[in-house]
Structure formats: C-alpha cells, structure tokens
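The same chain A turns up in both complexes below, where it pairs with chain B and then with chain C.
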Partner chain A sequence: MIIELGHFAVITALILAAVGIASPIVGLKRREAVWVEVGRQAVTLNFVLISIGMLAMEYSYLTQDYSVKYVYATSNSKLPIFYKVAGLWGGHEGSLLLWSWILSFFCMLAARIHWKTQPAVMPYLIAMQSTVMSGFLLLILFLSNPFERIFPIPLDGRDLNPLLQDPAMVMHPPFLYLGYVGLSIPFSFAMAALFSGRLGEEWIKATQRWTLMAWLCLTIGILMGGYWAYYELGWGGYWGWDPVENAAFMPWLVATAFLHSVMVQETRKMFKVWNLFLIILAFSLSLIGTFLVRSGILSSVHSFAADPGRGVFILGFLSFMLLLSFGTLIFRSAKLKSQIEMDSVISREAIFLFNNLFFLVAMVTVFIGTLYPLLTEALQFKKVSVGPPYYNTVFMPVALGLVFLMGIGPYIPWRKASIQSLKGLFLIPGLIALGGLAFFLIAGIRHSYALAGLTVVCFVAAVIFLDFAKLSVFWAKREQVSSLQGFLTAYKKNPRRLAGILTHIGVLVMIVGIIFSTIYQTEKVLIMKPGEETGLGAYRIKLIRLYGAEGVNWEGQEALFNVYKGETLLTQLRPQKRFYTVSQTPTTETAIHQIYTGHIFLTIPEVAPDGSWARVRALHNPLVLWVWYGGGIMGIGVILNILRGSRMKLSALHPEPALSEAPVSLPRPAREEVLHRSNRWQAFLNAVWPGRKEV
Partner chain B sequence: MKGGKKTAIIISILIVVGGVGYLVFGNFGKNLIYFVTPSEVVTFAPDHYGKKVRVAGLVVKNSLKVVPNTLQLTFDLTDGAEKIPVAFEGVPPDLFKEGQGAVVEGFWDADRTFHSQMIMAKHSEDYMPVEMKKAGGALPKKDFFKTLKVD
Partner chain C sequence: MAETKSPSVGIRSWQVVLLAVIFGLIVLFYKGLWGNPSYIPPVLVGTAAPEITAPDLYQPKEVSLSQFRGKVVVLNFWASWCQECKLEHQNLLAVQKHFAQNPNFVMLGVNYQDKEDLARQYLQEHGNNFNHIRDAKGRISIDYGVYGVPETFVIDQNGVIRHKLIGPIMGDNYTFLIEQMVEPLLNGTATAS
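== the complex of A and B ==
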C-alpha cells in the first residue's frame, strides 16, 4: 500500500512539473502574477511529493518488502541496516529517484531564497528547472520505475552488491548528485538571464554560492569515489581514467573554469558570453555524465545493465536540452558584446583567459578519450579502448601549466602589469624554485614530470608564502599585534581572497601527494607461504599464518602479516578474502598501515583452498594521504568562500566604512573600479604591496 | 587595444592549442587498444604478433590451471567459435572465474599463445543469483547504437 502511495505521489509530481513549466510562462505572457505564483507553489509541492516517494521506498527497504522489484534487487534481510537505507541508490532506478529528489529540493530552495531579490527571472528559473524535472520523472516512471512490484513475492532479496557495502560508497553517489544537480541552479539562472534579457552581473552574483556549493559536493564525491576505489577495489590506485570517473571529472573541470572566469566578469565586465557558455556546458556535461553512466553503454565498474530504451530516451532528452540551451545562447549572444577589451597579455585577465583555455583543453581531452570508443562502435568500425597513457601524456603538461598559472594569477594586476612589478613579485620565488630543483636533483629524483611538478609546486608555494608573510607583517605593524594576529586581521579584511588562496594550497598538497604516490609507489606481487617474508622498500612484511574468518553475510580467509622496519615490529595487518554468500561474490579486503602520511597496503587476492599459500599484493604508497588532505584543505577554502558571502550580506545591512580602513596614503585606484565592491581588496592590496600597484 | 597586443594574445592561444593538439593526436593512435574476438586472434598474421589488443570471451570450464608457486595461470578463452590459450601472470580480479566472461589485454605471439598481464572480469551492478545464472547464463549485451536502427 505504502509503495503505491509513493508511486502515486511521484506520478502527481510529474503532472506538477508540467504545471511548473507552463504556468510561469503563461503568467509572463498574460502579465498575471497569480500564474507565476502557481508555478512557485508547484515547485514546493513537487519537493513534498517526491519526498513521499523517497520515504515510501525507504519504508519498503526497512520493512523488507521484497514484493517491490527494486528492493528485491538491491537489498537482503541479512544486510546491516545502514546499507538497507543506502540500498536505495545502489542501483539505477533508485539513483534516478534520489537525483530528482535533490533537484526538487534545490529548486524549492532557490525559489525561496531568490524570490524577493530576483523577481524578474524567477518565472523562467522555475520553468527551466521544471523542464529538467519532467525529463527525469518521465524516465523514472516509464523506463526505470523503482515502485514496480513482482509476483510471486521472493522470500529474500538478492543483496546489495558487496562492492557497494562500504561507508564511502554510501556517501559517494549522493555527494556526486548534489554536485551534478547543484549545477542546475546556476544553469537555470543563466537560461533565465538569456530568456529575460537581464544579462547584467545579477545572475552571476546570485549563482556564485550555488556554484561553489555544487563544486564542493562534486569534489567531495569524486574524492570519495577515489578513496573507495583505493581500498575497496584493492588496486591501490585512486584514479584509472575509467569512463565513469571521467563523466564526473568533465563537469568538474568546466565548473572550475567557470568559478574563475566569473571573477573577470565581476571585476572587469568581460567574458559575458563566455560565462554563460561555461555554465551551460558544465550542466550539459552533468547530463552527459548521466547519459554515459545510466544508459549502460559503457563497460565499467559503474555501468548498469543495458536497456536500450533508456539510452534512447536519455539521448533524446539530452539533445533537447543541448539544443534549447546552446540555441538560446547563440540567438541571444549578439546582445552581449563586451565593451571592454583586454589591455595586455601580461594582466590578470589574460591569466584567467589561459586558465580557462587550459581547463577546457583538459575537458576536451577527456571528452575525446571517453567518447571515441563509442563513436567507432557506432560507425561500425573496430571496437577500441583508450588507455590511461593517452590521458597521462596529455594531462601532465596541462596540469603543470594550470598550477603555474595558479601561482601567478592572483598576484598579477588587472589590465596591465609592468615588467618591473613582475620582477618584484616573482624573482625571489623563482630563485627558491631553482633551489628546490637543485635539491630534488641531489635527493635523487630523476623522473622528469616529478621534477617539473615539484619545482612548480615550490614556486607557487613560495609566491603564496611570501604574500602571506608580507600581509601579516603589514597588519601586525599597523595594528601593533603579533604576526599571527596580523595574518588573522588580513584574513578578516579580505576573506574571499584568502579563502581562494587556501583552496590553491590544497591543490598544491594534492599534487605533491599524487606525484609521490604514483611515481614512487613500490609494488610487489608474489606467492607467499606462512613463515615467508619479503622486502618492500624500506620495510619488510612477513606472512605469519592464514586462517578462516566470517562475518554476518560473508565467509572467507584472513591472513596475519607482521610489518617490520629493520628489526622493529611496526604493526600487524590482517587482509581478507571474503565470499558473500547471498550474492556468491568474492571480494578482496585491504589491510592498511599508515606511516606518516603514506600507506603500507596489503591484499590477498587468492588463498589456496588448503590454506598453504596466498597470492599477496603489497604496496608502499608514500604520501598518498596528501591526496585527500589536499582535498580537505580545498574544501575548507571553498567553505570559507561560501561563508564570506553571508558575512558580506550582513555588512551590507549594516554598512561600515570598509574601504576607508585601508591605508589612505596612496592614490585610490582610479576609474570605475572604485564603484565595484569586490575591488576593495584590490585597492587595499595596492596599498600594502607597492609591487602590485597598477602602472 | 593595439593590434600588436591582440596578435600576441592570439599567438599565445595558438601555441597552447597547437601544443595540446600535438599531444592529443600524437598520442592517440599509440594508445588505442583494439578489441578483438578469439576467432580474429587465431587468424592474426605474423606482423600482428606482439601488438597489444584486448580479447573478450568466456573462460572455458575446466581449462584454468595454476602453475604451482608462481603467479602464472593458464586458461582458454572462447567466443563460441574459436578457443585460444591464454597465459597470464599477475593477480586476477575477484570476479574472474571459469565459465564467466572476461576481457584480457595482451598480445598474441608466434607460440600461438595469448600473453596477458591484465584481466578485466565483466561485472555489472545487476548480477544474478546462482539459480538464474545456471538457467540462463549471461545474455549478450546488446549494442546500444545498433538498437537505434530499425530492423
């Protein structure tokens, strides 16, 4: 009964989504606010209805109602309750429901937040969001219905895929969806701006925090997926250029480019069409990601059973969305000719331009590699696959370029920089980087990309550190406080800039982690008998014994290893080979010991039935945790960036003479820039650091 | 904006795009790996020996042999028509089993053996319980694009 209620609620939601498209448009045409209001209420009600659908599904999971086909397919009575709840997004149908639910939630939230401040564009926003919503609900109700029943009723479920029975896997899809779907709000704002012709900077200001939030969730989702692959799949790697990883990576790259180029529009009113293009592209890539993953046309860990009907539908829906959005952009872009042109190749605008170029090039590279096999197959050529070496060779130089730009971008003035000022900014960091290069050479690093990468990281770190030092000392002197307090003052004066730099520091940390854990990984694969030992870099591992082990829904074998450094016993590790009885699936459970921020990583992919030997895979991954620590720092940076937004709002309510707090001894930055609030910090920094003064 | 600056910007963009284009297309051909069937493998001419390909097929029942105390396995892979012997060294994935689909990456050589160091077991989210597997076996995955055509 409950499940039919949920089903009915979602059917009603589809009807309301249609109302959400039609009534705001009618309202605009007839100039009657009541119609628009109907659309707004439809959006709220939609969220309530889809929530009922979600609750009905979860109720079936918790009451173990295996007459629901999807519950039968992704759950089992022996499953721990945590995974019973998460079973909902363990397969295709439920993931789509979760996606729609997040979409309806964000849509309702956006309608509530921006209703008063953006009245002119809201009808369009609601119509646009409802269009996306209808597409997903049609797909759910007609081609992948999670509310379907089966008869005869099975006694027990088929179990959740054991690979998904992991905490990281429970959180990974929802975060990715929050990211994917989060991009739909800036997208709808952009579309609303195009439709309404209100193409100023409003839509960008309204959507900046939405984009940051979506970007943050996407980053968390990707990193969690990487962590899951690292220890659950037992490869000891976190990135394999799998088509589905690429599907999440492409919108991430474009969203990152957008977050940067938006700043140019804010400050310099340039790149207007470009920004619209980027956000439309980012959301389109989210949809393409869904297409790739959900249609089942890619063979990968993530692919779901192929159903051609779904593929055709998603392809049709995708084509409609692409035509609608890019078509509108093309027809409207004539209005958007930017009045301001670039002054110099050595200016922050130019750095942003190259930043965007690099991100787009990276995206196109991944796009070609991911879709080329599909293309050849469609054209009835040979079946091919594109290997990781392709991505690596193209990606490394692009990534190096991006990190370098990241180092100079925030410090090069807008408009035009003089050679003199560049010397002041980058001479010392350049020398430090050269010193670093010499040090790495002496330390025995010979890998060319590792050397280049670490040198660039040194350079960027030096630039950032020197800037922090100068800022801290300046404010410490001015306020007569300690340097640390001086730094905090600097942060308070300009939270957004420092939050951005913190994100960049996170990127540096992550890059060092990637370099060391991939290039300096030690790997050993061998057969071991109890009592045998083997060296692993500076460590030794010894297999003590092999024995049987079991859990609630699995049985298997466990190995006991001693890990030594020299003669000292560091730890004991117990990797497992499990066999999940319900689904008849084997899995390899990793055992990890952390040394500083690196890992000793052991798996036993195969154990002899009589327990006399085991196949052992042993890895030493130096600094591997820096990959995720770096991600954490990036996340904190972005969270601070989101929070400063609300603080700015408060200060707008209680205006304070912010600009006058900056030292007034120097001429204010000239021209229209003074008018722009986000330029306060530019003015302030010009004061602090003559090196960056505009010439 | 003066003409010179515009040119400078355009030239820098061209250098970046050109460089990346070179990287992409210079490496693309080298890094493409072709999918072939066991039937195609057995007809390989000697100039194909040693070239990396991927072969998809079913692991023949009772053909899997473990070379004791080494990391070597041998098994036969079939597409129904032809059968090829595969010599593998390394760690096979969890889902690798006799009677199941697998993709192996490696090369065919003059000794008429397929040498592989990588096995990708086919696994989907939607795996079947034992009873169903016995009854039906895995249905061939329909080619998505082919279904777009009207028969």
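== the complex of A and C ==
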C-alpha cells in the first residue's frame, strides 16, 4: 500500500507542476498576485508530495519489498543497510526521482528565500521551474516508473551493482544532481530576467550564492566520482574522459566561466548577454548530460540501459528547453547592449574575457570529443571513438592558459593597466618562475607539459604569495598589529576576494597533483607467483601468498604483498579479486599504501583458480592525494565565499556608484602616510597597487 | 563609446549560428537514438591497424604492435576452446617455419578470452613456435572487429592492414596467405589492395 501512496503522491505532484506553470502566467496576465501565490503553494506542496514518493520508495527498500520491480532490480536481502538506502539512486528510475526531488526542494527554497526581495521575478521563476519539473515527472510516470510492481513476487532482489557498493559512489550521484539541479535556479532567474525585461544586475546578485552552491556540489560530485574510479574501478587513474564523466565536466566548465564573468557585469556592467548565455548554456548542458547518460546513446563504462522510446521523450523535452531558453535569449538580446566598452586589452575585464573564451574552448573540446562518435555514425562514416590522447592534446594548452590567466587576472586593475604597474606586479613572480624552471630542469624533469605546468604554477603561486604578503604588511602597518593579524584584517576587509584566491590556491595544488600522478606514475603489469618480487620506482613489492577470502555477499581471492623501500618493510597490502554471488559480477578491490601524499596502488585483476599465480597491476602514483587536497581547498574557498555574509546584502541595498566615480576607498593622505613611513620594500609593495578598490 | 547601430538592426550572425547549432544537435541526437552504441565497425582493409598493448602469454612483459613497425605482421586470433583453431594450428606453425629465416616477418598469436593455463596447455599439446599475447577481456578483438576465432590479419611494414582472413588458415587460404600476401609484402612487390 505504501508504494501506491508514493505513486499517487507523485501523480498529484505532476498535476501540481502543471498548476505551477499555469497559475503564475495567469497571475501575470491578470495582474493578480493571488495567482502567483497559488503557484508558490503548488511548488511547496510539490516538494512534500515528491518527498512522500521518496519515502515510500525507501520504505520498500528497508522492508525488502521485492514486489516493487525497481527495488527488486537494485537491492537484495544480503545488502548492507547503507546500500539498501542508496539503492534508490542505483538505477535509472530512482535517479530521476532523486533528480526531481532535489529540483522540488530547490524550487521551494528559492520561492521562499526570494519571495519578498524579488517579487517581480517570482511568477517567471515558479513557472520555469515547474516546466522543468513537469518534464521530469512525465518521464518518471510514463516511461521510467520506479513505483511499478511485478508479479509473481521474487523471493529476493537482483542486488545493487557491486561497483556501486561503495561510500563514494553512494554520495556521488546526489552531489552531482545537487550541482546539476542547483544550476536550474540561476537559469530560472536568468529566464525571468529575459521574460520580464528586468535585465540589470539584480538577477546576478540574487543567484550568486545559488551558483556557488551548485558549483561546489558539482565539484564534489566530480571529485568523488574520480576517487571512486581511482580505487573501486581499479584504473589507477581518476579521470578517463568517459562520456558520462564529460557530461558532468561540461556544465562545470561553463559554470566556472559564469562565476568569473558575472564579476565583470557586477563591476563594469559589461557582458550582459554573455552572462545570460553562459548560465542558460550551463543548465542546458546539465540537461544534455542527463540526456546523454539516460538515453544510452553513447557507449560508456557507465552502463545504463538504452531505450529509444525513453530517449525520444527526453530529447523532445531537451529540444523544447533548448529552443525556449536560447530562443528567448535571441529575441530579447536586442534589449541588452553593454553601455561600456572595453578600454584596453590589458585590463581585468579583458582577462575575464580570455578566461571565458578558454573555458568555452575547453567545453567545446570536450563536447566535440564526446559527440564525435555519434556524429561520424550519423554521417555514415566509420564510427570512431575518441580517446584520452585527443583530450590530453587539446586540453593541456587550454588548461595551462587558464592557470596563467588565473595568476594575473585578479591582480590586473579594471579598465586599463599601465605597463609600469604590470612590471611591478609580475616582474618578481616572473623571475621566481624562471628560477623554478631552472630548478625543475636541474631536478631532471624533462616532460614538456610538466615543465610548463610547474613553471606556471610557480608563477601563479608567487603572485598570490606576494599579494598576501603585501596585504598583510599593509594592514599590519595601518592597524599597528602583527602581520598575521594584518592578514586577518585584510581577509575581513574583503572576504570575497580572499575566498576566491583560496579557491585558486586549491587549483594550483590540484594541478601539481595531476602533473605528478599522471606524468610521473610508475606502472607494472605482470604475472607473479608467491615468493616473487618486482621493483616499482624506489620501492619493491613481493607477493607472499594467495588465498581465498569471502564477505557477506561476495567470495573471492586475496593476495598478501610486502612493500619494501630498500630493505625496510614498509607495509603489507591485501588487494582482492571479488565475485559477488547474487549478481554474478566480479570486481577488483584495490589495496593502497600512502607514502607522503602519494600512493602505492595494487590490484590483482586475475588470479589462477589454483592460486599458483596472479596477474598484478602495481602503480606508484606520486602526490596523487594533492588532486583531492586541492579539491578540498577549492571547496573551502567556495564555502567561505558562500558564507561571506552581510557584505553582499549591503551592496544589493546600495546600488554601486557609476564606475567612473568609484572612489578609491582609502583616503589619499593615509596612503601617502603609509608610503612615507615604510621602507623601500614597503614602497615597492604599495606602488604596485595603484588604486586598489577594496583597500 | 556606445555603438551607433540601433538595436533593431535585425538578426545578427551569432543568433543564426546559435540556432543552427541547436537544431543540428537535436537532429544529431535524434539520429543517435537509433544507432547502436555497442556497434563496432569492421576493421577496413587498407586502414591503419589499431595499436595493441597487451601482456605476453609467457613472459611478464607487455607487447605492443608498434614495436614491429617495419615488419610484416601476421596477427592470428585464437582460443583454446575454439575447435577451428585446432584445425589451422599446424598450418600456422608451418607459416612461421616458412618465414622463420626472414627477420622482417613476425607472427603473433592473440589469445582471445581464454584461461591462461588452458591456453598454455593448448600450445604445449599442439606445438608452438611463435609468440602469443593475451586478450583476456576481448579489447583487442573489439578494436579489430573480430567476430569469432579464428581470424587472421596481415599487417604491412607501415602498420596498415592489408588483408583479413575469417576462419581457419587452410587449403586456399593457406597458400594465399603465404604466396599472395606475405611473400609479396616481404619482397616489396605487393600492390595495394
């Protein structure tokens, strides 16, 4: 009965979604607020109803009700309870339900948060969100219904895909969806701006935190997926340019571009159409990603069932959304002319422009690579699959360019920078980078991308460090406190900027991790018998013995390895080859030993039935953890940015003065006084900061 | 500073491009829906042979096809569970023997989806005089569009597939392989097929 209740709740939710589209539009036409209020209640109720649907499904999982077809397909009585709960998003139907649930939650939240502050936008926002909602609910109810029953009732479930039986994998889809769906709110705001003609900076201010939040979740989702691939799939790598990975990466790239370019609109009122375009593109790519993943039109390691009927529906919905959003943009864009044009190529807005172009090029690169097999097939050419070499070749230079821009962008003044100031800003970091290059050459690094990458990282790190030093010393002098306190004062004066810089530091850390763990990876694949050993870079591994092992829902073999450095035994590792009995699926369990921030990584993809030998894949991945440490730092930066508090609200209340009159907040005498008091180093530090706005 | 063009100038090029891209995508996706994502195209004779990197059946080392560049490679896909492979096996040994003196000839067996010990047992039983690599997961076979074993490919000095033989190397196939494929390639007298 419970499952029927859930089913009924979701059916009602679909009807309410229709109300959510219609009533705000009626409200707009008739200029009666009460209709919009009806829409708001509809989206709130929608969240309650879909929650009931979710709870009904979870109830069926926990009570092991295998008469529900979807539960039967993704769960099993032997499954640990944690994975029973997560079984809901272990397949197609449940994932869509989760998608819709998150959408209803965000929509409810947005309608509550912005109800008072953005009344004019609300009808559009509710109607737009309800449109997306209806699409997904139609899909769920008519083509991928998780509430369906089967008869006769099976005695036990078919089990959750063993590869998904992993904590990172359990959290990976919800975070990705939080990211995907989170982008729908800025998207709806942008659409509302287009429809209502209120095309100022309002919508950007209102959606900044939403975008940051969505970006954060998307980043976490991608990094978790990478970590899962790293140790669960036994790749030894965290990124394989798989179409499904790309589907998440593309909206991430565009959302990142958007987060940067909104700053230009905020400060300089430029890039208006561009920003609308970017956010529409970001959410469209989320939908395209969902389509690519859910329709099964691309071959991928993520095996989702292909079903053209379902695909046609999603495609129809996708086409509708693409034409509606981009079409509106096209017809409304004439209204949007930037009043200000770029003054100089050497200015922060120009750097942002390049930043955006690079991100877009990166996105298009991934897009083409992902769809290329589809294109060649459609054109009746030979079907070609595009592999990592393509992406690495095209992506590396773009990534390098982006990191370089990341180093100079935040420090170049708006409007126009003089050559003199550039010299002051970047001369020392440039010299440090050259020193770094020499050091890396002496250290024996010969790989060109590694050299270029590390040199750029050096440069950017130096720029950031010098900036921090300057700021700290400046505020320490001014407030007569220690440098550390000076730094904290600087942070308090402009939390947003420093949070952004922290995110950039995370990127640097991640890049170092990527460079070392891919270019300086040592890999050995070989057959080993017990007693044999092999070298692995500076380490040695020795296979001690092979023996049978079993768990609750699997059986298999385990290998015991000794890991040595020189003659010292570092650790013992026990990789496994598992066989999940219910689903008849083999998996490879990785054994990892951490050395500093790198890994010794062992898998046994194949073991002789009599246990006389094993095929061993041994990897040494130096600094691999930096990839996720970097991700963590990026995350903290963004969280600080989201939490930065009242400053934004203030700026929303007091519109910024026209830029030409924007005051340098620090009164001149004070500045000169500081100059006067300081030593030469100080003078240098201050001289390279002509007119910094936030001081 | 501000542009003098009035906003109602008409359709601008980026708008047309954007619309074209959207329609193109929709058409592409629609066509893609009816495609088969697991369809793998047949390897066409006259195209570059896909690169292989695979473990050797006997030695703990990786073998790659590119290391044989400049040589004529006969690539034979087989498995211990395959009955027809047994039929052709003596002929394969004979082909290898025939060209054994030529340093530019390489015969390479690809052991397809097989148990390693069974594969070794098979070779011990039926004899062996050339190297074999393992394709336990069938990846190489997918790259080469192999439908079933045995299949044999002839790859020339430039790494281009010159011929594909489906089924056992017996009778006409055998003489064709030696006299009309491998020998002309080794002598440099082959004409492009």
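Definition applied: the second predicted complex is superposed on the first by the 643 of 695 C-alpha atoms of A that agree within 3 Å, B and C clash if a C-alpha of one lies under 4 Å from a C-alpha of the other, contacts with A are read in each partner's own complex, and residues count from 1 in each chain.
Throughout what follows, contacts are C-beta pairs under 8 Å (C-beta built on N, C-alpha and C of every residue); 3 or more make two chains touch, one makes a residue touch a chain.
Please read all numbers here as calculations on a predicted model, not as lab measurements.
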Simultaneous placement of chain C and chain B on chain A, clash or fit: clash
Which of chain B and chain C A:L371 touches, first, second, both or neither: second
Which superposed partner A:G535 touches (first chain B, second chain C, both, neither): neither
Winner by number of chain A residues touched, once chain B and chain C are compared: B
Which superposed partner A:G548 touches (first chain B, second chain C, both, neither): neither
Touched partner set for A:I330, first chain B, second chain C, both or neither: second
First (chain B), second (chain C), both or neither touched by A:L318: second
First (chain B), second (chain C), both or neither touched by A:P119: neither
First (chain B), second (chain C), both or neither touched by A:F291: second
Touching partner for A:G197 - first (chain B), second (chain C), both, neither: neither
Touched partner set for A:V525, first chain B, second chain C, both or neither: both
Clash-bearing segment of chain C relative to chain B, given 44-52, 98-106 or 170-178: 44-52
Where chain A meets both chain C and chain B, residue numbers: 295-297, 299, 306, 308, 311-312, 341, 374, 377-378, 382-383, 525-527, 606, 615
Complex interface listing, chain A residues touching chain B: 73, 90-92, 158, 161, 234, 295-297, 299, 301-306, 308, 311-312, 341-345, 350, 353-354, 357-358, 361, 365, 368, 372, 374, 377-378, 382-387, 389-390, 393-394, 397-398, 401, 525-527, 582-588, 605-606, 613, 615, 617
Chain A partner contacts - residues on chain C that touch it in the complex: 1-3, 7-8, 15, 18-19, 22, 25-26, 28-35, 37-41, 44, 55, 60-62, 115-117, 136
Chain A partner contacts - residues on chain B that touch it in the complex: 1, 5, 8-9, 12-13, 16-17, 19-20, 23-24, 27-28, 30-36, 54, 69-71, 90-95, 103, 122-130, 141-145, 147-148
Residues on chain A engaged by chain C in the complex (per definition of touch): 288, 291, 295-300, 306, 308, 311-312, 315, 318-319, 322-323, 326-327, 329-330, 333-335, 337, 339-341, 371, 374-375, 377-378, 382-383, 525-528, 606, 608-609, 615
